[in-house]
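Here come two complexes built around subunit A, the first alongside subunit B, the second alongside subunit C.
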Partner chain A sequence: MLQPAILILLLPLLSAAVIALFLRRQGGIAAIVSTLTAASIAAMALILALHGGRGEDQVDWLTLGGFTLSLGVKFDDLAALMLVIVGIVGLCVHVFSLGYMHDDGAKARYFGGLSIFMFSMIGIVLADNLFMIFIFWELVGFSSYVLINHWHEKTSASDAAKKAFITNRVGDFGFLIGIIWCYWANGTVNLTQLGEHHVFSTAIPLLLFCGAVGKSAQLPLQVWLPDAMEGPTPVSALIHAATMVAAGIYMLCRIHVLMVPDALTVIMWTGAATALYAACCAIVQSDIKKVLAYSTLSQLGYMVAAFGLGSLATEENGIKVVIAAGVGAAMFHLTTHAFFKALLFLGSGSVIHGCHHEQNIFKMGGLRTKMPLTFWTFTLGVAAIIGLPGLAGFFSKDAILYLAFANNKAVFAVLAFTAVLTALYMTRVWRITFFGAARSESAAHAHEGGLTLTLPLIVLAVLAVIGGYVGIYPKVFTGVFELIPEAHGSDHTTILITSLVVLILGAGSALLFYKPSATDALEERSPGLFRLLASKLWFDEIYQWYIDKVQQRFALLLNFLEQIFLAGFIVRGGAGLVGLFGLGARALHVGKLNVYLYWFLAGVVVLWLFATGVL
Partner chain B sequence: MSNLPFDPLLLAIAIPLAVAVAIACGLPKRWSIRLAYVGFAAPALMALHAWFYFAGQTQVHGYAYLTNYSTGLDGIHGLGISLKLGLNGISLPLFVLAGLVGLAAGLYAIQSTAERLKIYLMLLLVMQAGLMGVFASVDVVFFYLFHELALIPTFIMIGIWGGRDRSYAAMKVTIYLTAGAMLSLIGLIALYVKSGAPSFDLITLRQIIAARPLGETVQNNIFALLMFGFGILVSLWPLHTWAPLGYGQAPSSAAMLHAGVLKKFGLYGLIQIALPLLPHGAAHWSHTLAALAAVGNVLIVGFITLAQRDLKQVIGYSSVMHMGYAFLGIACYSVLGAGGVVLLMVAHGLSVALLFLLATSIFHRTHTFELTEMGGLAQKTPVLAAFFVAATFASIGLPGFANFWGELTIFVALWQYSHCLTVIAISGVVISAVYGLRAAAKVFFGPPTEAFARVAAQHPPSDLNWREKVPALILLAALLFIGFWPKSLSTSLDATLHAVYAAPTSAGPTAGGPAVSGK
Partner chain C sequence: MIHAGLNAYVLLSALLFAIGFFGVLLRKNTLVIFMCLELMLVASTLALVAFSRFNGTLDGNVFVFFILTIAAAEVAVGLAIIVALFRSRRTVQVDELNALKH
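This part shows the complex of A and B:
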């Protein structure tokens, strides 16, 4: 039963190896190999998830002194759902890349990187223990580094790749401590065994959460994700929007049994703060990819907050049931977000491709008529993310809002306000990009891309429309979707009204306020507020200050001490002392016979004194 | 299949030595080079054979391939010295490491344009014979003698083929390493004398000491000698300043062999000899050792690495830093900790040799080691860039490469010993990512610096050629193989460590799973 799962895992690794060894110069063939691999993964994932069984199995990977690390697969509904998401979005992105990266000089490296990413991501999805999650966790970080660094001749791309990996490592620092602590405290890190028995601890889940803070770019480690937009746009869609950044939420859902109320509170507020912070930042961005990046941060914050809201006690037919609603709501939003955000990113890729690599929305305009298919699919994506009733985002956002309403009113307020901002900035970017007259040469000559660019948009647009119903009427992945909180009665009405008000308030004010023009309306009318939002609260500046002024200076000081004090004063000084002694000893040997005679006589006297006991 | 008609261990030592002698006798250059291939390939083949057929060998006292060659000193005068060769689960990984790194360093030396290539190859072959001997010896005297045999060529090679500061470097390295070797020799002799064993061979020593353990004070004193003696050889902070200087100046193949293999002699001595025979001494000194390693090697040297602007210095200091993890694993005194150290030794040996090799290849294209004068090399040499990035990620412990297993198992073992030290050690993972990726970016990415653009205009850089690629591939393949299949080393390692560390493991983890420690 688990052979197909292993095959899905190893197939992309094989593809990457073949590309690295044999197809380095044959970019075209490499692209086909990688895309075919992605297609088989998607097909096998769907078959396995919908018709295959569920189960787990493992083999020992390393055994040393009582410590056993196993290579295992845990294929439950949660893993199956995530595998399907990775498979479908992965395939769409591969096909899109065929067109988008058609003329790239290093196509083989690009598609090899995508294959390594698929391997690593599927590894996280299937892993049955925390050490294995950590292993593939690091590997997705590596593939993300390689792909962000794709245009490595640009310093900005190389810096962004480095920043992404190092920031993730800061999170992984806590994550690894948490895993090791968990191992010694519980005697196992197997997810199923942890579910059966574990010790009560607040520190362990919080340390594990550090990993999610890095990978899912939560405050205060969010700084790498906007910079990661230096990578090719399809990569941003796959890795930095739909799948890898969502791995943090997936991991939390994997270990939700370890959670305790205090830890959940911290997680909830981290998510809520990130959601609000990133939404504020998104309002003032002028780069279409940066808007989407901050939007991703904000939506990830939504999912983390949803997870942190924890379980929900409901009454069904008079029986009280407690469900892990946080898991259900977070995974539901993760699913719908993967589709509509991948759609939006690929749509932006299509726009960027059409506009000859122009990314500034104020230099676009008028694309509605020039790129109609991109426009309509992007519109569906926007409608889904701002929660237009009936579309995917509406259902999953409502589930989170309801859970917040039931568990914590303050978080509910924050998330509702974030939803207003979401509607605002998405409508803003939609209006400015597609409407009005073309505001630059490249926008005037914009054109729709070929089939490889448009087909993935259509597929994802369909999923962004219907994706919500999978969760509302759970027929598949019931293990996850039955956990989605559902509002009844008056609560239902409250949530419905809230989300409609939020939508009208956000989208309406954006339509009134922003006109498709070459300048930002907010910058003109309220420059102070604009500058505050554009500052992003100086996170980057503070970190840069720490690196340059504290860390690097401390390193230089230690280096100075080592060179001057240790290698210089002590070592060279010690050698000098020995040398001085040598010089002194040499001065005694002047080479004159009578001097040696005096020394000899003196020696005899001293010896005699010793021998007679005078000394 | 697994039973050879000859002793692979003896051949692994004798063939390179014989080739070296032949070259010294005045073989013409062409024949010298051809024979040198044999001299470097033979130990590697023997090592690979031992690796894959180790489990099928008949084992005596936990050793496979155990043979005894009389030296005429055994028994007479009551000394008991004989050339006793054999491999157990601890020495096998290092024997393999020595074979593979030796082959890579040899191939890289043959294609290099070193002056007086014949003498250079001869010295490398002597070193290679010594290295194979160190890890194949069961007799403590030969263990030490082979180390000296490998050490002396290092001094000569730094002095003749070294960089600008070669005389000072050669002098400093010689004094430090001789001092370290001397201290450890005193320790080994003291161990022999105090145990009252009739022979220097490790199996007898183990049996005698198991029957009649040494007194606590004796153990403490001998362990101190071995710890600081071996510690100097492995660059324990603050006795490490010879290492970055020496590696910075040494010619590439010598640096590969020394940093990759010979430096592991000290750690190997601690794990194979000192820890099992002197458990009380180890426990007594473990706090000192762990504190020096964690604060000195990992934190202080880690930060110092961040300040380096010379590529070879970055690699040299990072190697000192990673030795800190090894000392931490030793301080744990557990099967897991010691096993982690062995895995890390192999992994670090392969990766640091690969980095030194690639650094020299980079130098041939940039004509400098100064990071500030490079940049954008990846545009001209994508394959070299790919190798270097892979080697960097290996050395900063990315899963999929062997180094990850060493670091992970040491961290897991260390948590039982001290939570605080584990946190310090794991913070090193972040530091090494910073300097590793920073160096890779400075060399390869971004636009070329002005200085490099000038060099590139005069000597257009070409990508890695096959003669450089083959040795690099050998090392990278081994790193990936162990990274994907750690059991290839850990199974026999685990068995041997359990047997050797059997007696006093009351504090160690039990087979059924760890004891609950928690807070």
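This part shows the complex of A and C:
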């Protein structure tokens, strides 16, 4: 029954292998192979989600004494939903890449990277135990590294790739300890078995959350995501906006049975802080991709906060029902966010492509008439993210706000304020990019891309519009969607009014404040505030200081000790001892036959003495 | 005819063995060393034959048959090696056969 799922998993691996082995010089064929693979993944994912059954199965992979590492597939509604998202967004990005990367010199490497990414991501989606998730988790990190590093001749790109990889390693370290601890405490890491019974502990979920902090770029490991924008724009859309960074949220939803209230509180505040922090940073960015990157951070913070807000107890016919509303709200927002953020990123890719790789929004302007299709789809994306009523983001954001309102008013305030900022910076970037007069040569000659560039935009725009209506999703995802919290009565009115006020406040002030011009209005009017926000709270500088002054010195000390004790004492000392013995033994070998005979004689004498019992 | 006792045979055997042994230790010519080795073998067979004769059993004689057979094979191989050695090195002096060391 699960063969189709395994086929979906192995198909991109096959594609990547074929590209790596045979098509390294045939970029064009590699692109077609990879895109066809993505198309079949999307089709099969849809068929499997809609018509296939749900189930799980595993095989033992490695047995070491009493410890067994198994590989398995757990295909439930959550996995089906995520698989469909990865499939659809992946296909859109592949098609977009056909146009965007058309003239790239290393197309084969790029499309091979996309395929290996699809393989890793689907592996996380289907995995049925934490060890297997970890394996694919690292593979995702690797493919992200490869794709950020695509233009590796640029120092900034290779630095960004290293930064992303190393920052993720920091989080993964906690993740790995969490997995081992979980195994130690529960005797299993299988998700279903953990759901049946497990030890209640605060440390385990928090350590596992470390992995999500790294992969989903939450505070304090958020530094890599904005830098990762050095990669090609479709990569940013696929990996650093819609799917890979959502893997952290997905993993949290997978392990939500392990959660305890204390851990959830930490997770909630981490998410809320990230949402607010990133929204503040996004306001002052001038690079269109950086704005979207911080917006992604902020939305991921939303999802993490939604997850941390936890369950919701409702009264139903006099019976108290507790539902894991955090999972529902987080996954719902993940779904809609995947659609509109991929749309926004691909839209920005279209803009960048049209403007001959100009990324500074202050050098754009007037693109509304030159790139009408990009403008309209981007507008829909912006409307969806700022929560315009009727579009995808409106519903999922309301679900989160309602959950916050019901569980924690302080988080509600933070998230509502973040929503104001979201509306502000998205309207700002939209207005400055598309309105006014062209402010540079490249923007003046901007043009709409070909069909491969526009078609994914249209598909994603449709999804961004309708993605918020739970009713349109087939009934097969009920396992996730029935968990989405819905406000009733006066709460409903409060949330609705809040989100409308937030929207009007944010978008209105942006429209009043930011005129399409070559300079940042905030920088002119309030340079102090601008500098504060542009500093990003000195996270990078603090880490740099820490690495230079603390870690590097500590490493020098360790290296010194290592040179003396390990390399000096143990390794060289041991070798010297053996060498000394060898020197003595070598003296016995003089190369003269009769001398050896004397040794032989001596040996016989010793043997004889031993046999007679003298020795 | 003097009737020699077992002690005389064993003494002769030991003497022959000692001659052979010191020859192996002290001589430098490989061919001579080889002959001395054979002498040691023959000395031990002499003792075995004597034991067999004086015990009235055939055990020692059976040993001797085997030893002679092995010795014949050994001589064939050993002499062939020495001949080959001389052909390649133009010498059979053990002092000069020090390729293992140098």
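What we mean here is this: the second predicted complex is superposed on the first by the 549 of 615 C-alpha atoms of A that agree within 3 Å, B and C clash if a C-alpha of one lies under 4 Å from a C-alpha of the other, contacts with A are read in each partner's own complex, and residues count from 1 in each chain.
Note that contacts are C-beta pairs under 8 Å (C-beta built on N, C-alpha and C of every residue); 3 or more make two chains touch, one makes a residue touch a chain.
Since the model is a prediction, treat every value here as computed from it, not as a measurement.
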item	value
Which of subunit B and subunit C A:Leu601 touches, first, second, both or neither	second
Contacts of A:Ala567 with subunit B and subunit C, given as first, second, both or neither	first
Contacts of A:Gly591 with subunit B and subunit C, given as first, second, both or neither	second
Which superposed partner A:Leu62 touches (first subunit B, second subunit C, both, neither)	first
Touched subunit A residues, subunit B compared with subunit C	B
Touched partner set for A:Leu176, first subunit B, second subunit C, both or neither	first
Partner subunit C, residues of subunit A touching it in the complex	589-594, 597-598, 601
Subunit A partner contacts - residues on subunit B that touch it in the complex	172, 175, 238, 241, 245, 300, 303-308, 334-340, 376, 378-379, 382-383, 389, 393, 398-400, 404-405, 408-409, 411-413, 415-416, 422-423, 426-427, 429-430, 433-434, 437-438, 441, 444-447, 486-487, 490-491, 493-494, 497-498, 508-514, 516-518
Interfacial residue positions of subunit C with respect to subunit A in the complex	24-26, 28, 33, 94-95, 97-102
Residues of subunit A defined as touching subunit B within the complex	24, 60-67, 69, 106, 109, 131, 134-136, 138-139, 142, 145-146, 149, 152-155, 157-159, 162, 165-166, 169-170, 172-173, 176-177, 180-181, 183-185, 187-188, 199, 201, 551-552, 554-556, 558-559, 562, 566-567, 571, 575
